[in-house]
Amino acid sequence: MKVGIMGASGYVGGELLRLLLLHPNVEVTFLTSRQYSGEYIHRVHPNLRGMTKLKFINLNSSKIINSCDLLFMAVPHGTSSKSLPKILETGIRVIDTSADFRLKNPNDYPKWYNWEHPCPELLEEAVYGLPELHREEIKKTKFVACPGCDAISAILALAPIIKEDKIEKNKIIVDVKIGSSGAGAKPSLSSHHAERSGVVRPYKPVGHRHTPEIEQELNALAEGEVTISMSSHAVNMVRGILATCHTFVTSPLTITDVWRSYRGFYQGEPFIRLVRDRKGIFRFPDPKILVGSNYCDIGFEIDNRANRLVVMSAIDNLIKGSAGIAVQNMNIMLGLDERIGLEHPGLHPV
Amino acid sequence: MKVGIMGASGYVGGELLRLLLLHPNVEVTFLTSRQYSGEYIHRVHPNLRGMTKLKFINLNSSKIINSCDLLFMAVPHGTSSKSLPKILETGIRVIDTSADFRLKNPNDYPKWYNWEHPCPELLEEAVYGLPELHREEIKKTKFVACPGCDAISAILALAPIIKEDKIEKNKIIVDVKIGSSGAGAKPSLSSHHAERSGVVRPYKPVGHRHTPEIEQELNALAEGEVTISMSSHAVNMVRGILATCHTFVTSPLTITDVWRSYRGFYQGEPFIRLVRDRKGIFRFPDPKILVGSNYCDIGFEIDNRANRLVVMSAIDNLIKGSAGIAVQNMNIMLGLDERIGLEHPGLHPV
Amino acid sequence: MKVGIMGASGYVGGELLRLLLLHPNVEVTFLTSRQYSGEYIHRVHPNLRGMTKLKFINLNSSKIINSCDLLFMAVPHGTSSKSLPKILETGIRVIDTSADFRLKNPNDYPKWYNWEHPCPELLEEAVYGLPELHREEIKKTKFVACPGCDAISAILALAPIIKEDKIEKNKIIVDVKIGSSGAGAKPSLSSHHAERSGVVRPYKPVGHRHTPEIEQELNALAEGEVTISMSSHAVNMVRGILATCHTFVTSPLTITDVWRSYRGFYQGEPFIRLVRDRKGIFRFPDPKILVGSNYCDIGFEIDNRANRLVVMSAIDNLIKGSAGIAVQNMNIMLGLDERIGLEHPGLHPV
Amino acid sequence: MKVGIMGASGYVGGELLRLLLLHPNVEVTFLTSRQYSGEYIHRVHPNLRGMTKLKFINLNSSKIINSCDLLFMAVPHGTSSKSLPKILETGIRVIDTSADFRLKNPNDYPKWYNWEHPCPELLEEAVYGLPELHREEIKKTKFVACPGCDAISAILALAPIIKEDKIEKNKIIVDVKIGSSGAGAKPSLSSHHAERSGVVRPYKPVGHRHTPEIEQELNALAEGEVTISMSSHAVNMVRGILATCHTFVTSPLTITDVWRSYRGFYQGEPFIRLVRDRKGIFRFPDPKILVGSNYCDIGFEIDNRANRLVVMSAIDNLIKGSAGIAVQNMNIMLGLDERIGLEHPGLHPV
């Protein structure tokens, strides 16, 4: 199986390449980058020195069509929706990591992204690439739109309890803490080490763009409308997301109730781990121990005083949050064991 | 004015010493530490090398009484309540940074701290040392109990809007992110650098001990009972707290309404800054830029979709969160300008 | 092939376990830990949750002998030399990651480690487990003593130029920068996050214990005696070592000369990469991009003004510096492809 | 005394402003910045919110001349040499933090900086602003060129031992570790948090531009020529420099000898501390504990095996390394107590 990556010089592109070079069932045939065309891969992804002889090439649509069976799009938001209609016509499989095809309602694009969608007719065709919710559709499709990293951690944290209809659906707080790699590879003042190191910066206290996809997915599980209240904070790490979801229960819940919901919902899921220990220092999910892994760790606690259920979920934003889930989608699309190339646990300590 | 510090080898003790050595109106006469008795100060507080000839001494109550007019207690929780009754009898002023006299209701100690209070009759005597709420009482008292660091940031964030009775008082989320110095100077596995670096560790998702003092103080401002839903996370920095307070408004609010509430409430306060900018990378409060300062920065945002008001507050946990507020209390008790010795802004970048 | 790990609760033990669980040719049969006996592995190595059903057990020599073909010793220095004589008698293969059998001269133990070696007759039997220098001996032995992490980076940096006899052998500076995981998993004040974060701490400016093994290995390559001047600094990262080796050339060298030496010496080595680029931000070795990998990156620069040759080498101290090189030794001992289980490049960014 | 700052939006400008706003003998009258002209100071220096009503203004030479008695130049290298000739004519005092007037030999500019000096006749006029070596000249001059930050730490570490002529002067290694603020406030890929966090990056293994000023100053103390072999590494902190100076002694030295040299040389210096303890975790200089302070901490160790003397020096690169030493120079020029405005010790922990 030949695969190519469009937009391979970003962090998601780099992680895709790292995962795919070691994947036993695929061969990477090309990598595009406008900025680094002609350069060796290790110029941009120095960890991959010696792993491949490929160089970045400039985009060339016909070449793409001829030299791969499956294309990963790791380009900036607003870019893939311009080129994908033509690419999809050729019949190759496409996995898009951008936001361009995540939302089913075309009206959400002007509202949340400030642009009109150029090919709204394709929105229904794209499968929202969250295997834990859409595995069967992913198996059958040729076109997957991977979820946003914050959305992945929020949806996976909330889906079981939403499905059981046990919380107030209009008072769901998602308080996100994210590392610097989430902002991409392009330097800016906000990512300047001296300005970014040591922050707890509330960069998006309201209005985060991942809100509509979280609501879209949770609404599909719930009766009645879900409203997500999301606030995102940049914290001092490179990789990782912790989503702390504060919810209010509609009737008292026990720990056992919640265990049962989550165990039932995620039964057999290869990349979900429930984490709630009595001893030790990593009793709840923590992105620190997930660096390099495709797991989503989920834990919870009940605050009876306030009828509150807190659900925490942690991921590596570049793996389960993006490149890893893209490979997981690929495995499903190709009928492979979903875990191939993704078996590695996190590094610890790191 | 002669001052002494009991428990001077901890982080709060060290910051107190640093601030007091440069304070023009006081002289530090002794520093106690059991563990480091007889050692030079710079053994434990290496930044203070050459600043003082004092050594740590062992506790000796009579010596304390004779050699200071004001005593700072920076000892572990549960310790000051054992020795303070006798010390207070001597008539010297006392500022206690521990939790032992923060709560007015004696029943809260067994409930939240797992011990019976040994001198409940002194609880009413102690003034809760938050100048923004209790300045007049502080002026008149000889005994101040300084608030907890998380409590300071939560109370200052919420007081104005609670007072105006504009939010649902039983659905207040306080999502705290705190640096490693907040856990004190004693090594443990959870503070081991390799285990602590890079974490977003939900170490207290429910049941945080600062909850009752936050409720105590906010209840005094509100009609009807306030319930605080607090979750604390250890993040990768040494100093600092960001409290993200998620609240639900009872009727629609505008940005102007909120500005008016906060400006009015904190009018003239020397150490409160309202932070909400349109441009720049530090548009909202961030503890990064408060390192070394006594300011509490407060900002907010409105999420109309969810009837949510998000209030964020940031402090340096060792200064406004502890040693700085103790000195601020001292200044007030002594009738000095509240700002003396505390004028320094944060360091940036750091 | 059944393998066991003695001392599996430390950081080297954890990395060994992670690497061996994914290694296709071995099965891990037991893990010992006095402190955590009876506990699940994920209590201590939280990244490995769900990867194994094994628990830590207490040491039991006869059990060890019966249940493994190869034993990894990841115990503290001074421990393996006590139990190894009996274990070696049973004929199982042993790979020791401690310092106990690295030095050939028994007199070096009292001199550098302050203890007499209990079984000096075994020192000659142990092969110094640096494949780049001792591959043929490793193939034939049943007993490997893995090198120290700082020593690995220093020896690999200096070996080619020492062998060509082109530098002043009594004026070799090895200035090491190391991350916190190098100090092990046991908490102490020096590893307390608030005290350890942000340091550049010269913890061993002279007298580092890895000095004698570096000299031992380089002396074997050189004519005349080598004296190593080593200084080690703790820096603010968890994993990684950079060794900056400052040497003075005996006659002028060109870049081409040095390239030729290093390329020749390391021809075909699977885990050595030469790094010296004209462009990019990772033009020289940097441990940041090696996190999680078994590579040693080596680069150099010539300072003609001072007749100085600077050679820099970077490794992940827990992988190429310890657990990875142990697995590499195992692969060689077992006649396997040396790269099995170690193919993963570093993570970037991380 | 009215002072102005040209180039006030950089990190050195920001620190100058912080120090000068709290200095009792001066009033800051203007701050220039091309990029941020018209903006409030806290846009760029968020820590200073509420400390000043000044805004950045555009450069206007005549205005400068009229509204200040002393001008700080904190502009990029190559800039102040263009405007200073005219400014100096007006008779105001100038303290330049750039490299433009540090070197006495005009030929060093094309050699090390790649540009011809536009006003070489002024080089002799400028006093090299290192108070520990040039205090008497600073008292009498109107024009000070502040040293480079790495140069400060290297010169202060080496001056006493060079003066006593006890080391090999052509084999002096200066291995520098520096924080990210040393690279200035302008974002770039090398300063991008995800790429910069956790590095030990040898960014200038040879050819560092501070070499000639170190040699210039040490040559003035020594008989015979000094050659400095410098290598600089970016490490994971924001503020701070540690210079590890490896030297070879010409005849055996004892610790007492070295103590005597350094104590004698720095007798009475207000901002030099000698640090060499037997106990504790900060036994040698470490920039961590100097954050926010004007101290230079110096320590040493002898390695008799190799005839090596290691001298370590640590500073806060933005204070003693730049803005603090500039204020110290100002104090001396104005006949004030040298310590005014600079008394603050470092923050710890931070």
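Chains: A, B, C and D, in written order; residue numbering restarts at 1 for each.
Here is the rule we use: a residue touches a chain if its C-beta (ideal position, glycine included) is under 8 Å from a C-beta of that chain, and two chains touch if they have at least 3 such contacts.
The structure presented is a predicted model; accordingly, all values stated were derived computationally and were not measured.
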{"item": "Centroid comparison with subunit B (C-alpha atoms), farthest chain", "value": "C"}
{"item": "Chain pair with more C-beta contacts, B-C versus A-B", "value": "A-B"}
{"item": "Euclidean distance of C-alpha centroids - subunit A vs subunit B, Å", "value": "38"}
{"item": "Interchain centroid distance [CA atoms averaged], subunit B/subunit C, Å", "value": "46"}
{"item": "Residue list for subunit B, restricted to those that touch at least two other chains", "value": "11, 180-181, 189, 194, 197-198, 237-238, 282, 286, 291, 349-350"}
{"item": "Residue numbers on subunit D that touch subunit C, as the complex places them", "value": "170-171, 173, 175, 177, 189-190, 194-195, 197-203, 205-207, 211, 227-229, 231, 233, 235-238, 240, 242, 244, 246, 248, 281-282, 284-288, 291, 299, 301-303, 305-306, 308, 310, 312, 314, 349-350"}
{"item": "Subunit B-touching residues of subunit D, taken from the complex the two chains share", "value": "11, 14, 18, 22, 43-51, 180-181, 238-239, 273, 275, 277, 279-280, 282, 286, 289-293, 297, 343-350"}
{"item": "Subunit D partner contacts - residues on subunit A that touch it in the complex", "value": "11, 179-181, 183, 185-189, 191-194, 196-198, 237-238"}
